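Across the two complexes that follow, subunit A remains constant while its partner is subunit B and subsequently subunit C.
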Partner chain A sequence: MTLIIQAILDGICIGAIYGLGAMGLVVIQKSSGVFNIAQGMFMMFGGFIAANLTLNLGMPMWLGTIVSMGAMAVIGMILNFLIMRPLAGEPPFTQLMATIGMLSIMYGLVMVIWGTDPYIYPSEIIPIADLKFLGLHLSPSYVNGFIIALIACLVLSEYYRRSKEGTAMRATSEDEELAASVGIKVTKVLKLTWSIGAACSTLAGVLFGMLGSVNYMLGEIGLMAIMPVLVFGGLESFLGALLAGFIVGVVNMIVGVYWEGSFPGITAVVPLIIMLLILIVKPYGLFGEERIERI
Partner chain B sequence: MTIDPAGIYRTNYISDVAVVRTKTQWIILIVAVILTALAPFYLPKAIVNVMTLTCCIIIATFGIQILTGYCGQVSIGQAAVFGIGAYTSAILVNDYHVPFFVSVFLSGLSAALVGCIFGIPSLRLRGFYLVMATLAGHMLVIYFVSHVDFTGGQIGHKADYPSIGSFVFNTGDRLFWLNFGFLLLMTWLARNIVRGRWGRAFIAVRDNDLAAEVMGIDVYRTKILAFAVGCFFAGIGGSLAAHYTGMIHPTQFPMMDGFWYLGYIIVGGLGSIAGCYFGAIFFVVIKEVLIRLPVSMEMAKYLLPMTDVAFGAIIILILIFDPKGMYHRWELFKSYYRIWPLAYK
Partner chain C sequence: MLTIQNLEVVYNNVIWVLKGVSMEVPVGGMICLLGSNGAGKSTTLKAISGVLNLQWGAITGGFVEFEGERLNNKSPQDIAQAGIIQCFEGRRLFKHLTTEENLRMGGYLLSSNAAMRSRLDMVYNYFPRLADMTHRISGYLSGGEQQMLVIGRALMAKPKIMLLDEPSLGLAPLMTKSIFTAIQKINKEEKVAFLLVEQNTKAALSITDYGFVMENGRTVMDGPSAKLRDNEDVKEFYLGLSQVGTKKSFKDTKFYKRRKRWLA
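After this line comes the complex of A and B, so read on.
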């Protein structure tokens, strides 16, 4: 019993991080309609920048994270300007291929710049201590991840709902031309979305890296982790993404407790199987909106 | 279609639908095929080996071209299906002693079967959801082959040299001729699939599936068929590659390869079988040249990741500056030289 509760708690902590990673994708998808498959690589790239700042340059953890988020926000903006802006209005397949190009460039660059050795955060560097109660034990990286990811998710969704830029972003995601006609600068909105998306996934990448290590497989693993979250939550809502993150995290952990011993590696696969089943039965995700198509 | 030179008239249907239309084209084609087939006699061994593997890659690229370029269903699982073909053939030949020429086609069929399963979500999905589904399918296939016993799991599986009767294709040259022969056969097959009834149905579904349905095309059947045909080609390519390398392992089919196949058709040109040659050969040349650059030992480990950077950069540049791909450039060049010295305006 303790094992299950422990698994559920761990799952919720990890789920918050998955949710944050998925949110980065949702932000970009909502405003520009681009399915950014390179999001996992954003996580990895940002994670590597933060790991270098903290472990090699000796910055405190919080400063390293914030600096890397800022750096990735700038990179996201540059990518938008150089790659996505010239391709605006092209068919979705072209834009998808452009993000695949980004994915490939970042994947190669990570190995060129930082090599294939993993970076592991020592436990002293993580700010919050262990939580122990009723025979349960939550390790600091999990608690930390949960709190930071939850705060980030809530801040982001409030920002979207209340602020002026958030309203502009929502308007752009509804209809770009209408938004432009009421005086919203669509290019500026897209710039902002790409930087927010990149910063968001950087934070998720840093938290993800604290769980294990920051290595060159993180991009692929991150992408595989946030895909089921997107399908559960739909590509439209933030809170959907967060809730779906919890579900995926808990499923992950429970599967890990029971089956990881007999089938190594199955933790990463079970959410994908559930995702495929959902896609077959309910094609637009559990909370997604169904689109009506016209000829 | 192609424009005939002035003075050539078609008098019957057969000559009107022909792919190779004039005597000059026949001569160029035959000379090119013979020159390529004689490559082992005048090219160094390393280049012939690369060409042998390129044949397999081009065959798999035909598959993704039919699936994505003609039918519009984006699939990232091509590398996994390539792996299915490789494993099927290796297991059939090594464990069950099935003759090679039977097992090639059986592995194509098994890949097609897996392709149909990949394709089931496409009945209701479109765009990114299909991308996610095929990506998940890729991960499932790779997980499966690396965790069951009969594929050899993490250790990998041996694949013997192909043989026909007592004749064994055990040298680099013989393997090259085998793969080149299959490449010609598959080119003929792919070219005829896409201009036949199936190919026209694929194009109709790609351009507008609701309109295609109104015209009487069974959209679901066509999509599944496209997945089956596309994966059949990948299976054949995978089988040839397995017997060429001699040893197969789950890490030979990484996720990035699925992206690379899409890159081949983007660079070559969507919706043309000849474009597959351009795209695949272009990237193979770039990759091989990059890996073999003469640099110091410390620099050498950066070369392999640099191929990924180069790949991404080329795709993005092509998408922005030349979205029709290299085949379109080739057509422009052909129409230019046809009237070359006496161009009229």
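After this line comes the complex of A and C, so read on.
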């Protein structure tokens, strides 16, 4: 019994991090309409930059995280300017292919720059002690992940829903021409979007890295776990991404506890199976925006 | 206030749409732009509001001048800042945003929250229907309500001139009447000039002061609306009144009793 509750608790913590990673992509999807397959790479790159800063330069963990978020935000803006902006009016498939290209390049770069050895972060962002109660055990990295991811999710979704700039981003994703004629500076909005999206994923990458170690496998998590979370949470919804993250996290943990022994590697496939089942029932995802058409 | 001289517009480097359009809109004026489909009316409006290059079009000759400044190559954001706001054809809105969010986006260039609030109240005053559905997703509104929202959104930005592209498209006659009444009110009270592109010639000529008729990318006739309404050519081509008062016989069926001599 305690095994299941432990799995659920761990799952919720990891789920918040999944949700945060997916939110980075939701941000980009929401305002430029591009499904960024390279999002997992932002996570990995950011995680490695933070590892470099904290281990080699000796920065405290919180500072290293913030600086790496800033660095990735700049890299995100540059990528948008160099690659995505020239493809602005092209069909979505072309833009998708460009993001796949970015994925391959970044994957290769990570291996070249940092190699295949794992890096372990020196400490957690918020230093707290192990929590032990009722026979359950919550390690500090899990609690860190949960709290920070949750706060980031809430801040981001409130920004998008309430603030003028957030609404402008949603308007731009809907209709760029109309947004331009209303006075919204479309290029500025897109730059901001890619930086926020990259910074978001970086934070998720660092939080993941805190759970174990930072190695090139983070990119795999990005592709195999975050994409399904995103797709079945609904491509345009923050709340959906968070909820989907929780679902995937919890189910993953429970399956891992009971079945990892007999079916090794099944935890990697579980998110995809859940995604399939949910898409059969709700094709736009749990909270996705349905297309509004006048018939 | 707004002057267009000999405007030429080309799409995709090959399609020559406007072949020399000239018109003028005075301060607080109500001008209508008439013509059948494909005459180039929407293109004229898009050339004024600057969204042509987002549709692979370009102004290749002539100029657009607003309050002494040339607008030829300015971005749509700068033109919106100057006070020219366009309501696009077909009730174009941010469909997934709510009514109030659409209006707030219309007021994107306003400088303060207080200004935003007062403009919102003003728009709700003109269109009380919108106040009942502030939190409804705008894609689900009915046609008339969407048209009101489009005009309200344009009004939020403190426009000096509003370019309306076919506001009566697809609306019931009563709704058309109420929208046109609202337009007249806004013109009188807020001193906003209107350049109205309309297919509904009768309604357009009844609320405007001056009109321009376009055919095939050129302005072919202009004059005060009252004179246009009585012009025989306009009556036959656009108002469907030919041989009014006489008994028609099928023997005399001929499509044009008058030769359309404007199409050179």
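Keep in mind that, in the parts below, the second predicted complex is superposed on the first by the 282 of 295 C-alpha atoms of A that agree within 3 Å, B and C clash if a C-alpha of one lies under 4 Å from a C-alpha of the other, contacts with A are read in each partner's own complex, and residues count from 1 in each chain.
Note that a residue touches a chain if its C-beta (ideal position, glycine included) is under 8 Å from a C-beta of that chain, and two chains touch if they have at least 3 such contacts.
Here the structure is a predicted model, which is why all the values come from computation and not from measurement.
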| item | value |
| --- | --- |
| First (subunit B), second (subunit C), both or neither touched by A:Gly265 | first |
| First (subunit B), second (subunit C), both or neither touched by A:Gly101 | first |
| Which of subunit B and subunit C A:Pro60 touches, first, second, both or neither | neither |
| First, second, both or neither for A:Pro92, with subunit B first and subunit C second | first |
| Partner chain in contact with A:Ile273 - subunit B first, subunit C second, else both or neither | first |
| Subunit B versus subunit C as contact partner of A:Ala180, first or second or both or neither | second |
| Which of subunit B and subunit C A:Thr167 touches, first, second, both or neither | second |
| More subunit A residues in contact [subunit B versus subunit C] | B |
| Footprint of subunit A on subunit C - complex, ascending | 49-51, 54-55, 75-77, 80-81, 85-86, 88, 92-97, 101, 104-106, 108-109, 137, 139-140, 153, 157 |
| Residues of subunit B defined as touching subunit A within the complex | 68, 72, 74, 120-121, 124-125, 127-129, 131-133, 135-137, 139-140, 143, 147, 208, 210-211, 214, 255-256, 259, 262-263, 266, 301-302, 304-313, 315-316, 319-320, 323 |
| Subunit B-facing residues of subunit A, complex | 29, 35, 37, 83, 86-87, 90, 92-94, 96-98, 100-112, 115, 220, 223-224, 227, 230-231, 235, 263-266, 268-269, 272-273, 275-276, 279-280, 283-284, 293, 295 |
| Subunit C contact footprint on subunit A (complex, rising order) | 164, 167-168, 170-171, 174-185, 236, 289, 292 |
